[in-house]
Structures are given as structure tokens and as C-alpha cells.
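Pasting in a structure now, in C-alpha cells, and then I'll have a few things to ask.
Note that the chains take the letters A, B and C in the order they are written out, and that residue 1 is the start of every chain.
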Amino acid sequence: MADQPPLIDQHSHGAVHGELGLGSFEAHLAAAAGAHGPAPAGTSYFDSWTGLALRRWCPPLLGLEPHCPPARYLARRRELGAFRAGRMLLRGAGIGTFLLEAGTPSDLTSATELATAAEARAHEVVRLESLAEQVADTSGSVDSFIGYTAEALYAAAQHATAFASGAAYCDGHAPPAGEVRRAADRWLRGRRPGQRLAEPALVRHLLWSAMATGLPVQLHCPDPQPLAGFLRATAGIGADVVLLPGAPHHRRAAQLAAAFAHVYADTGPRPEETLGHAPFGKLLFSSGTRGLPELYVTGARLFVRALERVVREWTEEGMCGPGEGRRIAQMIGAGTARRVYRLPAAATG
Amino acid sequence: MADQPPLIDQHSHGAVHGELGLGSFEAHLAAAAGAHGPAPAGTSYFDSWTGLALRRWCPPLLGLEPHCPPARYLARRRELGAFRAGRMLLRGAGIGTFLLEAGTPSDLTSATELATAAEARAHEVVRLESLAEQVADTSGSVDSFIGYTAEALYAAAQHATAFASGAAYCDGHAPPAGEVRRAADRWLRGRRPGQRLAEPALVRHLLWSAMATGLPVQLHCPDPQPLAGFLRATAGIGADVVLLPGAPHHRRAAQLAAAFAHVYADTGPRPEETLGHAPFGKLLFSSGTRGLPELYVTGARLFVRALERVVREWTEEGMCGPGEGRRIAQMIGAGTARRVYRLPAAATG
Amino acid sequence: MADQPPLIDQHSHGAVHGELGLGSFEAHLAAAAGAHGPAPAGTSYFDSWTGLALRRWCPPLLGLEPHCPPARYLARRRELGAFRAGRMLLRGAGIGTFLLEAGTPSDLTSATELATAAEARAHEVVRLESLAEQVADTSGSVDSFIGYTAEALYAAAQHATAFASGAAYCDGHAPPAGEVRRAADRWLRGRRPGQRLAEPALVRHLLWSAMATGLPVQLHCPDPQPLAGFLRATAGIGADVVLLPGAPHHRRAAQLAAAFAHVYADTGPRPEETLGHAPFGKLLFSSGTRGLPELYVTGARLFVRALERVVREWTEEGMCGPGEGRRIAQMIGAGTARRVYRLPAAATG
């Protein structure tokens, strides 16, 4: 860890504000594991791989010994106050730059808040569905909605670092105007506050429009396979696509990143699953955090630990020299993100 | 192994009675690998991962050195007699409690026989399809079949430890009565002796009925994905579901166990594939044995070996303390099964 | 490596002739990773797992130190000339026998050329689609095409070592004659030069016809699952089938090899993914090379390295003795291929 320069975390949603009791803390830990609801009686989400990582790395950042009892950790957290504890955790995570997908839930930190709390840089990733929802709030007709969305996209492209889309499927053609109009009409009539845009033709229209701005587009894809046609068709357009796959599809995402020059794949905190399946320069780290600031710590440390293990092993058996291994680790941890998202060079130190 | 308390094997079908020649022994070993038929000339199922495990751990239980030639092992087995050899193997497997899915093939040990042979506890898991088949043998009409099945389910729930179902697909609603009646009618007319019940609507009806008893239900699911709707819909019902996935779906089963409080996942003898994907308290060991008593030994030892390796690694790099690691291993090996299946506390020693 | 006898590489397409500049060398490296097009600016296919392996093992075969800069390696390659460098690489790969799927691209070595260059044996695998394409070039009618194809298949079976097919799907029945005739008619009318035969019914007809010759058939199957019905139906026919799966389906292919006596599975250069899922005698090595002679080296060395790691681990923890481990490695690396393809015994030395 000593010589690991700060990571760039290419995808997260931000950290919660405010104090958390044992129940709400566990609920956030559960949500990070994909859980709907509390742990069954007699079990705890602290007893999980993420829980072990949290207990290993977070207590020392708050002045406690590793693996202290969860109750003691939470008491210390309350004693410091959520604001101060959050800052100590974020500053100790080893992340120098955050790409933040700003969303609608207002209980998570904004990019500016995150940058201040972590003493780091933070850049905004604009979720296309959120952008359209905001436009829809102030549009009177399908025509004005479609026009204003195009303008909003263009405006966002001037300051945002990337776009993000939740298109689960997209083929090789932008949907025709008529289909987009009908989808927009259907959605504008039926939408309810707080409901995420999920009209497939409209989501695909936004995705193709975003690609035209030239900004990188992050694609949330539980399974990347249904996007293969889209990836093939956008090879020459000039915008990069970064796949954010769900488990167990990281390997498939890496293969698609290997196949197309403009496609990249997120490794999450487990880079070892993808290393053999794409050139190292096509893989990028993210913590994927939404909620506990602790998850920035565990995501970053698990990533660094896994990569260090692999590189140590490679070095020991002569698959690469130590400098080479360090170079690869830095590429996946920060270098490639800096290039793809055109981020300023790292500060020294 | 020294300090490993006895395992609870949450799923198996029992061991064969009777003497086995080289041919029938290999046939059982082959079946354990999913094979239909004998090994091709020049090969042997002893040359497999399970075969290596058998040759490593079983000969010492019969007084031979590890890795002795298969012919010598089988000679020793015959010399002892199948009955005595079976007892020595079962008592040496390190399993203190068996959950046995009693089936129709009468050449496998019953729960009582297994308990005696292994000097262990054994509890019955009632396969829903078998229960319905038994009811069908004595029912005159669709109405009486459906009524008697409900009664038989209720009666079984008084003594059984869990139910098991082979429903490959199930959505969020119990099938309507008319559909169940039609499926029952079709099946009762067309069924032949020894044929397993496979009318989807009837199988789903049995599953929903079993859930209503509150007993845990084990779900055989080569692929657990088509059951996601059922799992979502049964979150509040009060009965636990334990997924028994086929390779390579153990990870997906673990993710579903992470997502729903009442869902658990079988690890089989390879816990390392699932550890990162569900809280440790949602994972349970099974050997999955059907046939050779040797497979209880290999299943249990491979499981313990794999868990010991992982825990040693975690401990060495500070991811957990040694006590923590032992606690996690015991949870997956026995503690969670004891809780989910409401089994009596382990005897001391 | 010292005591590893020469491997049998059961599947490759041959090495390129002629000099390669940095651009074309990288293009070949990219193609090996499944890439369509050059690496994005700032990245290189040398920075990949295959690239690392190449830089580890190829420079020493050309008299350079491992991990020398790519530019230096390519300069040395030019200095030696492609012909001489190719021979040095092929002779240093550790492969004693090649099974070569001869294809239409004329810029790859033939079996005879490969044998000479590598000072090894090389046997031809006849691709069924290519055979049909050659027949079609000289057939006047559907009838003559079908008749001549049968003759050509029979003639090929006299000298070839195996057939290969690209049937992505095949069920349990040979397609009826009428369907084959219609498919042949459609294809013969519409075919264009250089276009690979892809009429499903015709491809399946060729596959069933090839099975009837008794020669082993290699099945290219990105996903082997759609072939399960075919495998079940051909269990008694007398011809072996070797599955050549794409990632991530190696494990599924191994399971199918475990299930059917006449089915085998390719491991590619990563045997560790399949070892637990089929008897060791059902797994065979291949490099899968198409293009750079370097890929024979990396495929073979990665395979040997991975197997050595696994066997060392097994031996250390007593899962097998050292002799046993060596025997298993030799089985997967050469012995099984020798048996399945009825190859002459290895020369001594």
C-alpha cells in the first residue's frame, strides 16, 4: 500500500449524511450486498466478506484496533459524529479522485461535498434518465421535451465528465424518431414523481444522443451480452463506452472490452476475475459505493489487496518484473481512468 | 481438522447397501460425476478430483495408506464386508448430523439406518414429489388426491425436518385451483410406476403448500434464476428456502441468498466459490451424496479442506483473527443448519 | 518444465508466414484476444495476460532476456528473419505434435510446413465446412454436391486425424434428406467466394455424416449447451466428440465430457478451470493458435505453468503423490490426445 498512488474511483453514488444507529448501519451494509430487508435472526451482515473487510480496515481509521466488535466501532463512530467519522474514513480510503453518479436521493453527498469531505477531486457523471426526468418536470409537450432534452444533454456535456445509462438492451441502430416520440408521449402521460424512466426506446434514444456528444458513457449492465450489437455499431463514433457489469458477468464485460477498441470494463473491487480476459489498459477500478463511507474504504482496499496479491504472484514466478507489475496496477487503479475521462494529471505526493 | 466439530450435511440421498465389485463401484463413482455409462477404455473415474479425494481420505479409514492402488482398496473393502466398511467410512467422515432426502430407490440407506451406521443423528427431508406419488397410489379421484395430499403434507410437517422440491421454475403466485386440478387429472391418468411427478403446475402447487407449513423447503435448482420471482413473493411468509444449485450456479444462488432474508444457499463441497457473495450465515454445507459411503467422506473432507485454506489465508493477511475464522467455518459447516432446521444443539465432545 | 514430455496441441490453425512490423504484429496479438481493430491510443496488446506471457517466454528463445522491451524483441525478430525466428519459437514451444485445422486462409502454415518448422509431427484436422465448400466449387447440381460430399468425407477419413465442425446447435436426429437437399440448394445458389458455409441443416448433415466415419470430431462450440441433445444421441455410435468451447464455457464443456463416455473437452491454456469438473482422462490441451508462432509458445507454457502449480499444490497438501501428479499432467498434455486421435506413441527423448 505504501507506494500505491491514489486511486480513481470511476463509479459510485455517494455517501450518506447523518448519524446511523446499529439498525440503519446494518441496513446500509445489507443493501450493499443486494439485500431487501434485515438479516435473519441470529445472523449479521458484519459476517460477510464486505463485513470482514470493514472490520479489518475501518476501525484503524477511527483510532481503533482492527476487528474490534461492531458495537464498539459504532460507538466510536457516534462519539466522533457522522460528519467527522465520514471525513476520516473518506480521507483514509486511498482514493484521490471520485467520479460520482449524482442521483435523485438527496441523502447522499454531492460531488462537491464528497470532494471537500475526502480532500480529493470529484467529478460528476450525469445519469441520462435523471436528466430526462428533470427536463420532463418542466416540459409541456412531447416536442418540447425532446428538444429540451437535446439541449440539456449538450449543456451537460460541457461540464460533466461522463454520462451514465441504464439501457439493459440496445442494438445497432438509434430508435427511429416516431418510436421515440411515441415512447416519450407514453412516458410523459404515465409518469409519477420519483419513478425512474424505463421506456426502452426513450432510454436508447438518450444513449445514442449521449454517444454523439463524444463524452464517455458508462453503461450499467447486469448482463453486458444484450449490448453487443450496440458496441459493434458504435466502434467508429468517437465516444468510449465503459461497461459496469453485475456479477457474475465481469468476465464477459472484459471480453467485450478486449473485442472493441472503444469499450472498457469496470473491475469493481475484484480485479482478479477480469485480468486474463482484456488488455490491462481496458480495465478500470470502481468501488460502486452507495451509502456508507466505509464502503469506499472496503472497495478501495479490497481492490488494492487483490491486485497486490496477483502482482506479487506474477513477480515471484517471473511472469513480470516488479516495475512492470506496479505499472499495471497503477493503470487499472488510476491511469486508464485518467485517459478515458480526460482527467487532469495527478497532483504530486 | 483436529478442532473441527462435526459437520451437518444438509443434503444427501443415502448410501448403498451391499457388496460392490470394481465395475459397480466405478459406476457409482461415475454417477457422482454426472456420467451416463462407463469410463472409456484406458480411463478411470478414480482419475478425477473426486477420485483423488477418495484415494486420499478413504483408505486410511479402512486401515490402508493414502493413495494405495484402487484394486487394493476394493480388496480391503470386500475383506471387511460392505456393511463394516460402510460403517468405518461413515463414522470417519466427520459428519455428526445428516439430513436425508428419502427417495424411492430402496437400495439406499434410510435415515434410521444411516444414523446407526454412522453413529450420528439423521433427520428426514420429505421430497414433495415422492409424497404426492405415494398419495396417488391410493387415491381414487382428483378431488381425493388433492385433499389427501394436503393431509399428508400436514402430517409430514409434524415429524419431518424439511421438505424438498424439484420445481425448476416458480413465479410469484400459487397456481389457481383449476389449473392444479387439470394438472392432477392429466398426471393421475398418464402416470406410470416409478416415474417421477413432473407436472409443473402440480409441482408448484406442492411447493406453495409446503411453504404454508412453515417448515424449511429445499429447492433443487440446476439454475436458481427462474425461481427469483417465487423467492421475492415468499419473503414474508415465514418459511425459509434453501437453494440447492447445480454447477456453475452456486454463485448466483449465493447472491439470491444475500438478497432475501428467508433464502439460504447450499455450498456443496466447494464453499470458496460462494464466500464472497452472501453473508456467511446464509451458506450451508452438504455432501450431496447418493450411493457410495465414500462420497460422504470426500464431500466432508473437501469442504473442510477448502474452508481451512481460505480461513488460513484470511488469517495470514489479517482479514480476520483465528477465532473469527473458526467461527465462520463452524457457522457454514453446522451452525446455520442447526438454526434453519431447528436441530437440537450439538452433543459435547 | 524439465521433465515435461512434449505436448500434443490438439487444436490450432497454423502460424503466419512472412515478416511482421509492429503494427501487424500487434494486430495479430489483438486478434488472439478477440479484438476487432487496433488498441486505443496509449494502450498496447503487449499489456495483457498473453502479452506478459509472450514477453516472459519468447525473448529467451530468440536469445534475448525475458521482459525486454517489445521494440527490442521485434527488432531481433526482424534481424533473424521471420522464417528463422518462427522456427526457433516453434521448436522451443515444447509441443511435439500438432493437430492442425487447415483452413482457407493461405497465409498460415500447412501441416507439412508446421511439422518441418517445428521439427515435430503434424496431423491434419479436416474442417467439414471447408470440405463442402471445395466440393461445391466443382459440383453442378444438388444431387452431385451431396453425393460428392459423401465421397469426399469418406476419402478424407482415410488420411485425416479428425474432423472439425462449427455446428452451433445440433439435436438428436440427423436432418431429413429433404431438408438437407433444400438447404444445399439454397446455399449453392446464394454462395459467394470466400464465404463460410453456414446453412444449419447442411452443417448438421455434415456433422452426422462425419460421425458415421468413426473418426473423432472436434466441435467448435462457443456455448456447448445447445449440443447436449446431439451428445446424448451419439453416445453409442462409436465416434468420439471433442468439445472446443469458448470462454466462459470451459466448465460446462467439462461437465458434458464427464456425462458422456464418448465426449471430451478442450482445456485451452487454462486447465485449472476444468480439473474439478471432468475425469482427468477427458480433458485435452490445445493452444488454439491462429497467427503468431509466439502463441504456440505462450499457449503451451501457460498450460504447463498452470498445471504445474495445481499439481504442486495438490502434492504439498497430500491430495496426490508426485508421480500421480506427473501422470495426470501428462494425460491432459498428451496421453489422452494420443488415445483419442490414435496417434503413434511418442518418440523417446
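Basically, a residue touches a chain if its C-beta (ideal position, glycine included) is under 8 Å from a C-beta of that chain, and two chains touch if they have at least 3 such contacts.
Note that this is a predicted model, so its numbers are computed, not measured.
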Touch-based graph of the chains, sorted into line, ring, star, complete or other: complete
For chain A placed onto chain B, the superposition rotation in degrees, Cα atoms, nearest 5: 120
Interface composition of copies chain B and chain C: same or different, split at half: different
Geometric centre distance via CA averages, chain C-chain B, whole Å: 39
Chain A residues touching chain C - in the complex, by the definition given at the top: 232, 235, 240, 251-252, 255, 258-262, 275-282, 314, 317-321, 324, 328, 331, 336, 339
Chain C - residues contacting chain A, complex: 33-40, 42-45, 47-49, 51-53, 55-56, 66-67, 247-248, 270, 305
